[in-house]
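There are structures below to look over.
Next, two complexes with subunit A in common: one pairs it with subunit B, the other with subunit C.
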Partner chain A sequence: MASISARRLSKELKEIMNEGCPVGITLLKAEDFVSWQFTIQVMGESLYKDEIFTLLFRFDRDYPISSPAVQFVTVDGKVSPVHPHVYSNGHICASILGSEWSPVLSVISVCVTLQSMLASCKKKERPADNDRYVRHAPDNPKKTQWHYDDDTV
Partner chain B sequence: MSDITTPVAPKLEPAALPPVDDVNAPPPPLAVPVTEATELSQLTTAQVYELNQSLLDEASDVERPLIDQLLPISALRAEYENGNPAFTKQIDWLTEKGYQYIRRTRGDGDCFYRSLAFAYVEQIMSSIQPDDSAQKALTVLRDTKPMLEQAGFQEIVYQDFYEELESLLLRVLRPNEITHQRLDTVTLLQSFQTPEVSNSIVVYLRLLTSAQVRADPDAFAPFLFHPEIGEPLEVREFCEAFIEAVGKEADHVQMTALSRALGLNVDVAYLDGRDSSGQVDFVQFRNPEGSTLTPITLLYRPGHYDILLNMG
Partner chain C sequence: MATYNYVEPTNSNLVCCICRAPFVDPVTTQACSHTFCRGCISEALEHSLQCPVDRLPLTPEDLTSAGPLIRSLVDELLVSCPNNDCPHVCQRDLLQGHLDACEFLIVDCPEQSCHQMVVRKDAVNGACIHSAVICSECYAEVAMSEYEAHSSTCPDSACSCEHCATEISKSTIELHGETCERAPVVCTHAPNGCSWKGERRLRDGHISSCPYEAIKGFFIIHKDTTAALKEENALLQAKIDALQGHLRATTRDLQVAKAALGPWYTNAVNRTEAGLPIHHPPRSRAPTSASLNPATSPQPPLPGPRASISTLGSDAPNPAPASVTPTHVNATPGPSNTSHDWRAHSSRPSPNISHNWDPSSLTARSIARDVVAPIDLGTSLEGSLHGLRESMVTLSTTVDSVGRRSEIALTNETVRLNEEVMSVRAHLHGLRMQVHAIMMDRNTQVTGRVDEGGGITEGAWIPTRFSQVPGQPQIPLSITKL
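Now for the complex of A and B:
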């Protein structure tokens, strides 16, 4: 039998193909069940007007029981949004990607959550510990033990 | 919750407790004196990496199988012999009452669901009329799908997990199409040691527990608190963060909801070193419709559940 991640991701992909992505989110690349890419932008008035970001999802065999590794792409001229929960290397500090992940969530629901995280941002700034985090950060953001001290930003 | 007996859990005294290897336990001190006050920038890259790794390993109790072979309870006793004698006394008390075996589970925060699921399928498989029991269980299980829909879970979310549990129950009735084997003690254990199968079943039970709480908010709402800070939580908040999220430990609310959803009786023996006479308190979750069912027994130590068996 196909791995649980392949079974689930093929269903999610079918749904995306049939119903399309929510406004502001487009599927860039989904050629396997290892990594997918989306572009994401905030619609309407926001601090990120006219900015488009690329999100990278990496899945292991246990997805959706284990969370996907999600980050903004920062190569080939792409940049991560300047946001208090987003590091300049693209890593994101969001509880739903860590301790509050649940298999009820999906790739699209993560995109939508991150989109609204950007939409509600009041001040464009990097996390206070950006430089020292980026210097030591593991390649995979799932290997970081995050402290979710402020979910209201 | 009026129709299920839920006595108050014995209060614990953390100082007297032996270490239990579970994800929600506070991490033990690291070899390198790294504290919250330590500046991350003072550490070398290797140290930061090590810090991450040790935390991750700690969190998953990776050495232990997801669920283990049956062991005599004396194996557990041996671990407490140099500790608080209240624990060995309680283990002796259990032994005298006929609880002579345990089956240990990995301390990954899913241990209640995993223990319950294993004991549930094993009870059906080893009942006097396994076919009958499996048919009944399948009927109950199939009826849980509308409940999940009602709670707002889409089929895409639960179907793969549901099928893992259903297929185990079906294998009590008829041999597996590929292996031509019916479910027995060996294949049941193999299934539960296979992460994909085992974790899928855990997730299904989590979704079912959540659906049961969401279906009866009035009954559960007064009991929904944040497990660490004690603040009251909305039904949805509680279900999302403390039932559906993988690795979040179960407490009374979850045990009540799940035993009700599956129509089970569950007894939880509290091994907490609290009673110096050695007596062990059992918290009973009783289902009015399952009044004749033999209860499944679990052994609770602060922060962890294992399966307890009475072979007497």
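Now for the complex of A and C:
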């Protein structure tokens, strides 16, 4: 008997295969129902023009009831975007990945939200506490108790 | 039942936004009227007490069963039986009933000691299909479920020979066919043409009387000979193929050469036919000039174009210096044919130098065309080229000398023109003086205030000026009336 997360993810994967990803987002790897990878690119004029980032999704058995762990990949020469809510280790401070998560959201809707977060960026800078956070950060960003100080994200 | 295989795509209004599948036991929130599967929303509420869609506060007590319309809509969705191989499709609410009776449901083997699983339809007769049975023919162990398939292919199942009716096993029937005494065979000399056919046991009797048997030796020799000939034939065929390819290549090359040679190709062929070798360099020059001769018939003394050109070249330097003679430098331009003597055949005396230059050079060109014979296609290409080169050499020397001569002529002409201009200038000066004298004269007549002495002085002066101009006729007095 497949778990709830596997059934839900197989549905989402089927949708991606049938309808494709939104512009600027491509499925890189989805070999199992444990972790997926997407490339994400901001289309049009933005501070991140011509930059391509890789997003890593990690799912537990309770997905979609519990949120997926989402972060930018920072290994193999890949880097996280310089953004006030993105740490240099790839962790993202975004409320929809924590307290604002809802089971009706999906992998693609998370990708689109992060894409628009990058697109609306005004200044390329790291979060103020980047160095301190990165030094003590847990491997899984879901274990971090985020303090969301910006309503726009 | 947690998962269904829906056979058709579902209306998106009947899909739970948490599990993305059609509602199972749908419930609706009272406050915001959102519908979810009961299982899905219960799990979500354990995690966070809010509506997943709009994040309004929500508790399990706020959920009520969805209306009968939604329930019947999702219950009527068609699903297929989840058991492997079962083709059954029914409404979702009827699936449970089918599953209770589905023949493809996996159940325990009815044999108590066997711990394997079987599909229900194989368990109905109460026997364990996993137990092996022994084939009565080949004594091999065959699983119960495969016994039927085995019995039709068992190698030891009995059958009878169709020719002699002997009972034998399937695995040996082929072997028997090769020795069966009653099987139909043909004569051993069939390849040589014997048409005898009959049972194998009768063949020996036929062979003793077979006409082909008598000439068996001949067939063997014949076969060897044929084989040798075939081999040779194949060898020759290969050779011909190679030669044909070679010939094609050669023909192609020849065509290219033919196209490149143009008219000389046919000449070369003609000469070869006439028995003359194509390569004969010393011969080529003499025929060139000789054959050019007829074309230049208007000039009998010239042996050929080369000779005529060189004659022109050598004659030219002599008359050219003659044109520098000062006798020609005078006011009245006489016929200056001297400067054009080198154009041996234009020779028509021109009345005027300036007129002489352009038209006569045209004439010269047309004459040159007559003088230089057309390309002779009668000789070999090499000869023609040689002749052409000779002509080129003479032409270039001629052009050279023509250039030199025209330079001299031009210098002479310039000198002569200079002198002429000077004499014209002198004339003009005289004329100006005369006009001046006349004007003075008229002034005197009109005003009448000139004293005698002055008038005489003027009058005495004017003729003096007139007489100074050489070769100038005296101005008639009537000129004062102009």
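Assume the second predicted complex is superposed on the first by the 152 of 153 C-alpha atoms of A that agree within 3 Å, B and C clash if a C-alpha of one lies under 4 Å from a C-alpha of the other, contacts with A are read in each partner's own complex, and residues count from 1 in each chain.
Convention: contacts are C-beta pairs under 8 Å (C-beta built on N, C-alpha and C of every residue); 3 or more make two chains touch, one makes a residue touch a chain.
All figures in this text were calculated on a predicted structure; none of them were measured in a lab.
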Fill in: Three-chain arrangement built on subunit A, subunit B and subunit C clash or fit
clash
Item to complete: Counting touched residues of subunit A, say whether subunit B or subunit C comes out ahead.
Response: B
Worksheet item: Between subunit B (first) and subunit C (second), which, if any, makes contact with A:103: first, second, both or neither?
Response: both
Worksheet item: Of the partners subunit B and subunit C, which touch A:83 in the superposed model: first, second, both, neither?
Response: neither
Worksheet entry | First, second, both or neither for A:91, with subunit B first and subunit C second | neither
Item to complete: May I ask you to decide whether A:3 touches subunit B, subunit C, both, or neither, giving the answer as first, second, both or neither?
Response: first
Worksheet entry | Partner chain(s) touched by A:65 [first = subunit B, second = subunit C, both, neither] | both
Worksheet item: Should A:136 be classified as contacting the first partner (subunit B), the second (subunit C), both, or neither?
Response: first
Worksheet item: subunit A residues touched by both subunit B and subunit C?
Response: 4, 7-8, 11-12, 62, 65-66, 100, 102-104
Worksheet item: Which residues, counting only subunit A, touch subunit B once they are in their complex?
Response: 3-4, 7-8, 11-12, 15, 61-62, 65-66, 99-104, 106, 129, 132-133, 135-136, 138, 143-145
Worksheet entry | Residue ranges of subunit C in contact with subunit A within the complex | 2-3, 17-21, 40, 43-44, 46-47, 52-53, 55
Practice prompt. Quick one: which bits of subunit B touch subunit A in the complex? Just the residue numbers, please.
Written response: 39-41, 43, 45, 48-49, 51-53, 55-56, 153, 156-157, 160-161, 195-196, 199-200, 203, 206-207, 240-241, 244-247
Discussion item. Can you tell me which positions in subunit A touch subunit C when the two form their complex?
Written reply: 1-2, 4, 7-8, 11-12, 62, 64-66, 100, 102-104
